[in-house]
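Next, two complexes with chain A in common: one pairs it with chain B, the other with chain C.
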Partner chain A sequence: MAHTPELSPSQPSGSLHRMTAPALQPTETGTGTRQTQLLARMLLTPAVALLFIWMIVPLALTIYFSLLRYNLLDSESAQFVGFENFRYFLTDPAFLASLQNTLVLVGSVLGLTILLGIPLALLLDQPVIGRNIVRLMVIAPFFVMPTVSALIWKNLLMHPVSGLFAWIAKLFGAPPIDWFNDIPLFAIILIVSWQWLPFATLILLTALQSLDEEQKEAAEMDGAGALSTFIYITLPHLARPITVVILIETIFLLTVFAEIFVTTGGGPGLQTTNIAFLIYSQALIQYDVGGASAGGLVAVVIANIVAFFLVRIVGRNLEA
Partner chain B sequence: MGQITLQNVQKSFGPVHIIKGADLDISDGSFVVFVGPSGCGKTTLLRLIAGLEDVSGGNILIDGKNVVDVPPAKRGLSMVFQSYALYPHMSVRGNIAFGLKMAGLPKAEISRKVEAAAATLNLTPYLDRKPRELSGGQRQRVAIGRAIVREPKAFLFDEPLSNLDAALRVQMRLEVTRLQKQLGTTAIYVTHDQVEAMTMADKIVVLNGGKIEQYGTPLELYEKPANLFVAGFIGSPKMNFISGEVAGRHDAATIGVRPEHLKIARDGEGWPGNIMVAEHLGSDTFLYVDAGAIGPLTARHVGELDLSAGDRVLLSPDPGRLHRFDETGKSLRA
Partner chain C sequence: MARIATSRHVAVSTVAAWLVGFLIFFPILWMVLASFKTELDAFAIPPKFLFFHWTTENYAAVQERSDYVHHALNSIIVAGGSTLIALLIAIPAAWSMAFSPTKRTKDVLLWMLSTKMMPPVGVLVPIYLIYRDFGLLDTLTGLVFILCLGNLPIVIWMLFTYFKEIPKDILEAARMDGATIGRELVYVLTPMAVPGLASTLLLNFILAWNEAFWTLNLSTLEAAPLTVFIASYSSPEGLFWAKLSAASTLAIAPILVLGWFSQRQLVRGLTFGAVK
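And then the complex of A and B:
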């Protein structure tokens, strides 16, 4: 059983609807003949069927397991228990704690990447010497595997004895911070933000480059200073890319796992356990497949709730 | 007031000299058109006046005050861009009001001025629309509205009509001219279209390769072009140029005759030639004639002429309307 099933079943189902609806629309509006309509359906069928199976098999299995008491240590005695696993997962105090951690993590990383991404993109949009190299360096963290970057942060930067940050702290005579014990969630937020900052910067930079130069000049002629131009011209122009960043990052941030696994293992206590990590610990630390499956389905519901509110709040910006 | 003077204004981009010393005196309330072929520096010169580019040398005076170090917003000019450059996320009202808002005017006054400007331009029903919900002509009017609402010393237009279709262009041409006369505000208007220049301008500046070739009223340019370039650029169809022995008989290196000043005859005096193409527009007839050693000639006749390709004609220039040029291309005046 995969330890992060929460988004994989929900996403193909979403794209499935999107795939079929527009594909059939042109024929229904009368642009195609009956024959091409039939041909289109026939040609689409294998792809749609494959996607459907791809989605339905794991989902069905997850639902099936979620209704069983099924522990890997005692796999003989699997038995049907109804919604007992869900009741257990939802009433577990760890669930609320990890839900809160998940939301704090997603929210903070979104905030940090956008708040830092905007000035960074503005800087990279300026004609400075060596701009291409600077751009490349800014983008680089995005290509580092999460496990690797988490290891680097843990051992080279945030290590309380031999880390760079500890060395800097000692340089100023301050006691070094024990990141993963004193402020573990914040440490994770820093690492994940570092990984996602390039993505936000890149999207915002391309948007800035598409901002019409004459619009800024018109604002200049209208008497707008740098700040007014930013507030009234640049920021509204960035509304759409910011929305894209929020939506895409949220999808991935809900499932952050490797960074936690490598650095804190969810601890101390439950301080850095998010939903994804909770499900993992349910399945592969406690060997409780039934409970983990129920947790996975709960995660799917949570992801959909978050998506619903996100689209309500920021999706308006995506309309043309 | 809006009197603009350029004194030896120069502009280089790196090593490339784009504006090579422009001197110009634009009197208050006049409509001046910069015309010239693409890439000759019209936009650059306009942007120098606007303050969007810094001059490399020379002075720009507005109402006698040197403004080369004054930022664009403080020069009291407003500009209509070729792309209109409307603010896409603001309504028409927001677009027109933006300059006044930046100037910190009270809300009531802004509202009054915006509505007056909108009324002048027939934009009142569209005040709450976004630019993307408007047609090309309406967007153009919003851009003009944004310019007039600030009551500037002068308007700067950079090819404002080039994105419109032909019929709308003629209509907007009239509207812009009418509006400028009504407001009495100085206007500098850039175009590459000599018809627009001739019809709209009080005075025309002909630019070529970053130099001012001539500055004068449309009819001065038509009747007394300063050189070969102006003679060829102003007027449609183009002036005929003849050099060699025929020109020598008039003590010139080159002579020029406008198509409308060539008399067309079937026999008698004149340069003989064969018609290659005859265009019959009803109101006019254009003949493209192969005149042998003299070269190809274009002739225009007002009204209909019963001639067609292959016919032989004789063309004789109106002697009083002959233009003479020396070896350097400068006009020779008797």
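And then the complex of A and C:
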């Protein structure tokens, strides 16, 4: 993509007017700039105000509720309990279990989508007849709504009696797997990975296509094999897009909800309860507003750690 | 420039790519096939791949038994409404930051991005209580509002990166020809921004259509879009596979078509311009 000069050192709008100043009356230029800046500020205000309210109000309320003992069914009884909810939430075995599930879920999906996404992107970068159609097939799962993909996988593919996987297992003489009872978290990991593999692949493919072909050619002429070309040229080029994939996927994967909601409901036991689902069940099934709010804040803190790095990377790119 | 590909290389990579593509696409294909089966055929063992009694009765049944159209309309209103309102708020903001940047523009942009990083579950409780107290639970207004706010940062970002690419020389030329800001906006900027606007609209429509946290938690029946409608099939397990498949096919078909058109903008939109 060609970068036009006006993109890189972002020129303040003022300089634009200074350049044209000889053609205009000085007073006109002055008022014009001031007017433009005023107008610009006015145009920006609604968006900033809305997002500010959206960020501050619910968060402030979450903090407030997290300090109360407050049951949804008995809202008169709300009373201030300080950090009691945090102590309770953080020492609750369910929290540790769900934190572990969250980490396993996020880590596994990241690993699967990147480890499969790199070879897949490399494959799609090859001369392939009908590449556009293959691209469409690969990207499709990303556009399937989470409730649909979860239910289709659960019923049509992973059902222990009539699912396609059970039939395939039988063909090979293996006992069918009861996915959502025996390895429920892994079943969810598979479904979520299927949804996110297209995203990773598409981003890596886009990055591959911007790789300088001549550089690879030069390396090959110097006698570099396919493997060393990949390790010393392609992989370093992919480092940034991989980082971006990791960060963006993490943001979304930390709050996987619908897939759990429609398949296992967090069970059996706590085996597929992640932080998001734990908070949901505390709020809307156990009606414990205080506890759920404390949990919500824990989730915000975890997400912010990831967001910090993502924002830095995006910010660096904004200047380049 | 390009290396000459041997025909063997092409043959191998073509076969491999089609095989992998087919595998990834298979669950969707399998669902579409199941939607044309009778309920009995849908969970027959061994599975029936193509040779079964093709029927469209499931599609009729989905509408009759559960009022599919009602939920589809909700999806259109919620996804379309939230996207349009977000665009109305975002266009002036992105325009202002792209063409009249100040020292703080970068910080404002990054701050906007960071609001998107807040996990929805972190504010589930207050939003739920506010919605309950204001009677917004299970209303289209409530869903439009929350999805609009949720997607606003992405909309602003996408528009900003598109506006940034419009050469400033053209605006300057128009200004020198005596164009007012209003005329500049209508005759110069808008035509050049249409492709960017279109892909922003498309991507956000898709994101809102598939959103399944707020819709599941804030709507039950009246305002329920297709995400919630499909989720209602999770309880009577194993009985309605063909109908579930028919309903699912209808729910994802339009978005799949839109998505295929927008796939090139997708990368840019979802990575906030960090990967092009």
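In this section, the second predicted complex is superposed on the first by the 257 of 320 C-alpha atoms of A that agree within 3 Å, B and C clash if a C-alpha of one lies under 4 Å from a C-alpha of the other, contacts with A are read in each partner's own complex, and residues count from 1 in each chain.
Throughout what follows, contacts are C-beta pairs under 8 Å (C-beta built on N, C-alpha and C of every residue); 3 or more make two chains touch, one makes a residue touch a chain.
As the structure is a computational prediction, the values presented were derived from the model and not from experiment.
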{"item": "Touching partner for A:159 - first (chain B), second (chain C), both, neither", "value": "second"}
{"item": "Which of chain B and chain C A:228 touches, first, second, both or neither", "value": "first"}
{"item": "Contacts of A:58 with chain B and chain C, given as first, second, both or neither", "value": "second"}
{"item": "Comparing the two partners chain B and chain C, which touches a greater set of residues in chain A", "value": "C"}
{"item": "Contacts of A:214 with chain B and chain C, given as first, second, both or neither", "value": "both"}
{"item": "First, second, both or neither for A:236, with chain B first and chain C second", "value": "first"}
{"item": "Which of chain B and chain C A:280 touches, first, second, both or neither", "value": "second"}
{"item": "Shared chain A surface residues [contacts with chain B and with chain C]", "value": "214, 217, 220"}
{"item": "List of chain C residues in touch with chain A within their complex", "value": "1-3, 5, 9-10, 13-14, 16-18, 20-22, 24-25, 27-28, 30-31, 34, 42-47, 89-90, 92-93, 95-97, 99-102, 106, 108-130, 149, 152-153, 156, 164-165, 167-169, 172, 175-176, 181, 206, 209-210, 212-213, 216-217, 226-228, 230-231, 233-234, 237-238, 241, 244-245, 248, 251-252, 255-256, 258-260, 263, 266-267, 270-276"}
{"item": "Chain A-facing residues of chain B, complex", "value": "50, 52, 71-73, 77-79, 81-83, 85-90, 98-99, 102-103, 132, 146, 150"}
{"item": "Residues on chain A engaged by chain C in the complex (per definition of touch)", "value": "1, 4, 6-7, 10-13, 16, 19-20, 23, 36-37, 39-41, 43-44, 46-48, 50-51, 54-55, 57-59, 61-62, 65, 120, 123-124, 126-131, 133-149, 151-157, 159, 161-162, 164, 166-167, 194, 197-199, 202-203, 206-207, 210, 213-214, 217, 220, 240-241, 244, 248, 251, 254-255, 257-258, 261-263, 275-276, 279-280, 283-284, 289, 292-293, 296-297, 299-300, 302-304, 306-307, 310-311, 313-315, 317-319"}
{"item": "For the chain A and chain B complex, residues of the former touching the latter", "value": "212, 214-215, 217-224, 228, 232-233, 236-237, 239, 320"}
